[in-house]
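As written, the chains take the letters A, B, C, D and E, and residue 1 is the first residue of each chain.
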Amino acid sequence: MSFTLLAVQTLNGLQFGLMLFLVAAGLTLVFGVMDFINLAHGVQYMLGAYLTAVLAPHAGGFFGALALALPLTLALGLVLERIVFRPLYGRGHLDQVLATFGVILIVNEGVKLAFGAAPISVPVPDLLSGSVMLTDGLLFPVYRLAIIGAGLGTGLLLWLVIDGTKFGMLVRAGATNAPMVSALGVDVRRLFTAVTAFGAMLAGFAGAMVTPILSVEPGMGDGVLILAFVVIVVGGVGSIRGAFLAALLIGLVDTLGRSFATDILKLMVSAPTANRVGPALASMAIYVLMAGVLAVRPGGLFPSRSAG
Amino acid sequence: QEKLKIGMMVTLSGPSAVLGQHQRDAFNLAVKQKDGKLGGLVADVVIVDDELKPDVAVQKVQGLIERDKVDIVTGVTFSNVMMAIAKPVFESKTFLVSSNAGPSPLAGKACSPFFYSASYQNDQNHEAMGKYAQDKGFKKVVVMVPNYQAGKDSAAGFKRHFKGEIADEIYTQLGQLDFSAELAKIVAAKPDAIFTFMPGGMGVNLVKQFTQAGLSGKIPFLSAFTIDETTLPATQDAALGLFAGAQWAPGSDNPASKAFVAAFEKEYGYVPSLYAQQAYDSALLIDAAVKAAGGKVKDKEAMQKAFRTASFESVRGSFKMNTNGFPIQDFYVVKAVKRADGKYATEPVEKVFTAYGDVYAKECAIN
Amino acid sequence: MLTVRGLCAGYGDARVLFDVDLDVGAGKVTALLGRNGMGKTTTVRAITGLLPPSAGEIGFGGTRIDGLPPHKIAQTGIGLVPEGRQVFPTLNVEENLVATAASRFGTTRWTKERVYALFPRLKERRKHLGSQLSGGEQQMLAIGRALMTNPKLVIMDEATEGLAPLIRKEIWACIAALKAEGESILVIDKSLDALMRVADRHVVLEKGRVVWAGSNAELAADRDAVERRLHV
Amino acid sequence: MSKTRRDFLVLGLMLAILAVLPLVGLPGWVITYTARIMAFAICAVALDLVLGYGGMVSLGHAAFLGIGSYAAGILIAEGIEDFFIGLAAGAAAAGLYALATGAIAVRTKGVAFIMITLAFGQMAFFVANALSEYGGSDGLTLWSRATLNGTRALKSDTTLYFVILAALVASLGVVRLVTASPFGAVLRAARNNPERVTALGYDVERVRLWAYVLSAVLCGVAGVLIANLTSFVSPALMAWQRSGEFIVMVILGGAGTVWGALAGAFVVLALEEGLSLATQHWKIAFGALLVAVVLFTRGGIAGLFDRSAR
Amino acid sequence: MTDAVLRLERLTKRYGALVVSDEVSVDVRPGEIHALIGPNGAGKTTLIGQIAGRVAPDAGRVFLAGEDVTALPAATRARRGLARTFQISALVSDVTARENVVLAIRSRSPGRLMPVPWFGARRFDEEAGARLTEVGLGDRADVIVSSLSHGERRALELAAALALQPKVLLLDEPLAGVGKDESRAIVKLIGGLRGRIPMLLVEHDMDAVFRLADRISVLVYGRIVATGTPSEVRADPLVRSAYLGEEDAAC
């Protein structure tokens, strides 16, 4: 386990973390800030990916497709908001869970119906293809740098909007006491519509961004949804800073666990045992981390917005 | 007129649905080509989705047997589903014709005269790659497989014929999306080649990321069930030049295969994979067996004998039934290419095994 | 300014208000009195649109506002200090003040600075979350928040609850000052003495009905009878 | 008729139908299929105790089902075939796991609770996957069912059906008893306002923990029954999606009601089967149904019933 | 001193730079009503929180009947006889007022966590009814809490605390939001408990405080600045300027 490998894996971990953050960003907004459990976030991510993949050949490649996918996911978000979310704002989390779960089933199957069950994808855009040499013999794909950039940019944007603008304040206020916000003269309904649609677009953006490296297939959003929730809960619900740091932490723990757990175990136990236990431990790493964090801090790392 | 009732159980939901789709389409094609008849009987095919949940599969197979009163259950995409349904199917004395999964217990200790495979035993494609790596003189190979039973079997299969050094054995999480950490590890190990088994979306991700990391062309990429026609539409150029082990490829050079590929593409507009081929052969096998048994599908003994000896023109070329109900066949190294029509497909590069049976047959007590 | 005629409202099947009439003149203060559970807050909720009235008319500044959604009503110039404070727990003090701040009618009389001058304690707690404030601090914040919408009419539902005597005096002084600036005010409080000092009209509710209404002078004359209404 | 009286009548009717079902000459697969639904219903009813009454949305209950089934499966694989031993082992294993993990989980609330139970569920899942001795991810086929007092009575699907029905009735009874008790009153009050309940001198975390453990024990029992019914045990039984399915059953049926969880289990599983026979794209219809139920009813199917009865 | 029922020893609590309790030492003697007054944000509620076990102090100790309870969780303290009301009503809102009180009464009984139905329920219901009548909620007993008015909830807070039959009662602004008439009833009720249940009373209603309290402590920004009889405290110039206020301020 050389030092360079450790350094590289750390970089990989950070990159994976930022990818997670990118996916979690929209969810942080809609669930973390607005307190609406939107399980459909995962399928919105999938729709962003599908739109990009399907449009790419007709829209002059990745960037053209991305430019089309964003307004389209926004529009789909608006439709979904109008039909399903709006009646559920004032209702309990359980209703939101059930309804948005229904949406998952519909969209996953609908996508399969429309685009087939086979994975599809888009090639890396020329502009961002290739790799940069980090150290001797070690290449880092340029596109991954782009993901890092997108993650950082989204984080910054969210942080500025939510923590720094009046819009953000109103969203946070509306999440805890919508009637009061409207009694003070703000159209809460329009506000919520804007937020959920924007959240859908962020999900779509994440989906679009991963198409060049990940396969686009029905159900691709399900596992990612869980990871996004892990990120938010570990970070502390409602905290953008928390979600950001948690995403990096999880990216690191997962990557380093995958890279070194088995090797480290081999120093202690026999190779076959290590080969058996190591991978199991590595796959659990994220969950162990989450359980550990919540055991010590039941509100997550940054329980800054304890409502109540 | 007497009917032949067939229940086809394949995975049609979740990320692996495409595998089931290939099987379903190919089976339907075969039935259609034979004017809706198999072995001279009107074939009534019920298709069910096992959802990749073994307990759901058990339930559904019970429905097929008791409600639909099927004579034959075919399909089955995944080994864990196969293991779950084997017992109820055998106990009801229904025939089980696998068009994909071939778990080792069914080839060995738990073999059954009601089980016949038109695919392969799970280890074999991996063995083929191991043999190939050995023949090519690779000294140091990294093995990377998902951490589940089929993955472990795969690694074991590869190692059966490969005698060089295994520089590292990496077990990834099932359904893993991002392989950058593993790829960095592989680069650090400086192997002569890597061997991997990453079915479905995992394979797509791995292949793309492997190529994006600039490793394609530097480290030979040997695989099984990773580079095939279910993943090529997604990986496209990224997979070109990467190797896989298989008993068949759309580029196989025999008349039956060419006819099958042409008909399949005409019917469905996509290139058939080995899953499709196996399902197609399953239909041919059933057809031949029922014919040989004179259409007496309720005569279990006659049917068993017929399955054992049935001969048909397999798309893959050579095909002979082993004592344990698994095929004895040839294995190839295949490679992803872009065809003249712009579609991606695999084609054979080199034959690795000739008339090869599995290693578990000797443990099987039927004879 | 505000005219309420024949207002009826309730929760589900339970009727709470019956034919309530109420007026707040421009630049005047009206006090709403009554024992616990008599319908004062319900009246406020009906006026502000939080609880759609089942019958009756509400006019504000010459237009009808009943049936409008709450935010439209607020935009006509009604600011609410709700019962039980209801500050936004996940916003800090300053955010609570500015989030819904507005200046809909030209002049901005209320700014952050002026609220802080009124409640220095809030300035000290500027970066604290609403949920971390003491009860009295939350009350100050709720008042400041309503003023920051620069309303023509302020409705204060138990605005002095939980405030220390010193601050309470300041609030009363402030209400008087607001009135002097031409602000209309509807106030609910249990301190009859304080109310009598600032209010122009008094309305007493009992079981959802107006049982007494009159001017300050009439109240002074009729104080015993009214006080009896306020006790069991 | 009072609402409670009517609810119990509905429940009684449902159970009565289940009791006569095997006696009316239905084909075998209907019986085993119903038995399977009942086994899952046990877990749904158990989940309702924590979810509906305790306000704890557990996304890890499939793990208890799986632990129960593995306990039974491993015992059978090791030659210990007695049904009651398996039952006790399954219940105890699930209960102990719930005790250990619940002690941490009950300290969290809301979505954090959902996620931490998911985490513990996933840990069990990965452990089961690593159990190569017992089939690993491929699972373990039980070549025979458990023995009942030394006999092979459970080989008959009908007998097993009645065993499962008995367990279901017992679970419903236990949950009913507990929720009607002082313990249940505290559990429900703590869902609404834990702070108040603490101030009244109740240890909220402990109350929640015991509810969680009891719920897990019942799920463990269901696991033992499922293992025997399908003669197969595999990690897939513990997949988190299954936990999600339990949640759907409970909410769809009506959380915290007398017969909601039971109805939810039947509706979900029967629809899955029925719709999937009709079309391969049944999930669209099923998803639309879930959305419709939420939008047009309050409190799931049981809630729908309330409204129309009013 | 040792006979104090409740004794705080140099309790200290900080939120960041803000010192909310600054070595607060207060005691409540048997039977006495000890009022705690002070400006908004002085730290009164936080102090009650520390006594009740909801907020962990950074330093200092809490003694209940001579026993150090600083390390005990809130529920245990409540069972040992520390009852409180909340300044911002915290009730179980989806059940009736009566059930809120029953929950409190049952907390005293050994069957409080019985997992099977309990057949002594009627007795509890009646006792709860009596408690509710005491605070003027007699005819509101079977109303769901969420449909009670604000003032009614405040009164219910008190009823629930009393139902615990506590050794010490911590009252956080029991009169806030309560109508004038109801206030009078509650003042009478609290006064009637004098000599039986020692109380720490936080209240901004000075009429009530001066009528009820045996002793008064004044808390200003985390520090006790004065303790004494009502007349001593009323005369204290510091208290007058920091808390009671003398002349009207303008805004």
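One rule holds for everything that comes next: a residue touches a chain if its C-beta (ideal position, glycine included) is under 8 Å from a C-beta of that chain, and two chains touch if they have at least 3 such contacts.
Since the model is a prediction, treat every value here as computed from it, not as a measurement.
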Required minimum of steps from subunit A to subunit E, each step between chains that touch: 2
Any chain in contact with subunit A as well as subunit D: B
Most distant chain from subunit E by Cα centroid: B
Chain centre separation in whole Å, for subunit E relative to subunit C (CA means): 28
Cα-centroid distance, subunit B relative to subunit D, in whole angstrom: 36
Rounded Å distance, subunit C centre to subunit D centre (Cα mean): 51
Residues of subunit C engaged with two or more neighbouring chains: none
Numbers and ranges of subunit B residues touching at least 2 other chains: 12-13, 147
Touching two or more other chains - residues of subunit E: none
Chain contact graph, described as a line, ring, star, complete graph or other shape: other
Listing of all chain pairs that touch each other, if any do: A-B, A-C, A-D, B-D, C-E, D-E
Residues of subunit E touching subunit D in the complex: 52, 54, 73-76, 78-79, 83-84, 86, 90-95, 99-100, 102-104, 106-108, 111-118, 160, 164
Parts of subunit D lying in touch with subunit A, wherever the complex brings them together: 51, 57, 101, 104-105, 107-112, 114-116, 118-120, 122-123, 126-127, 129-130, 132, 240-241, 244, 247-248, 251-252, 255, 281, 283-284, 286-291, 293-295
Contact set on subunit D toward subunit E in their complex: 177-178, 180-186, 188-189, 192-193, 195-204, 207, 210
Touch list for subunit C against partner subunit A, complex: 48-50, 69-71, 73-75, 79-80, 82, 86, 88-91, 95-96, 98-100, 102, 104, 129, 131, 145-146, 149
Partner subunit C, residues of subunit A touching it in the complex: 166, 169-170, 172-173, 175-177, 179-188, 238, 304-308
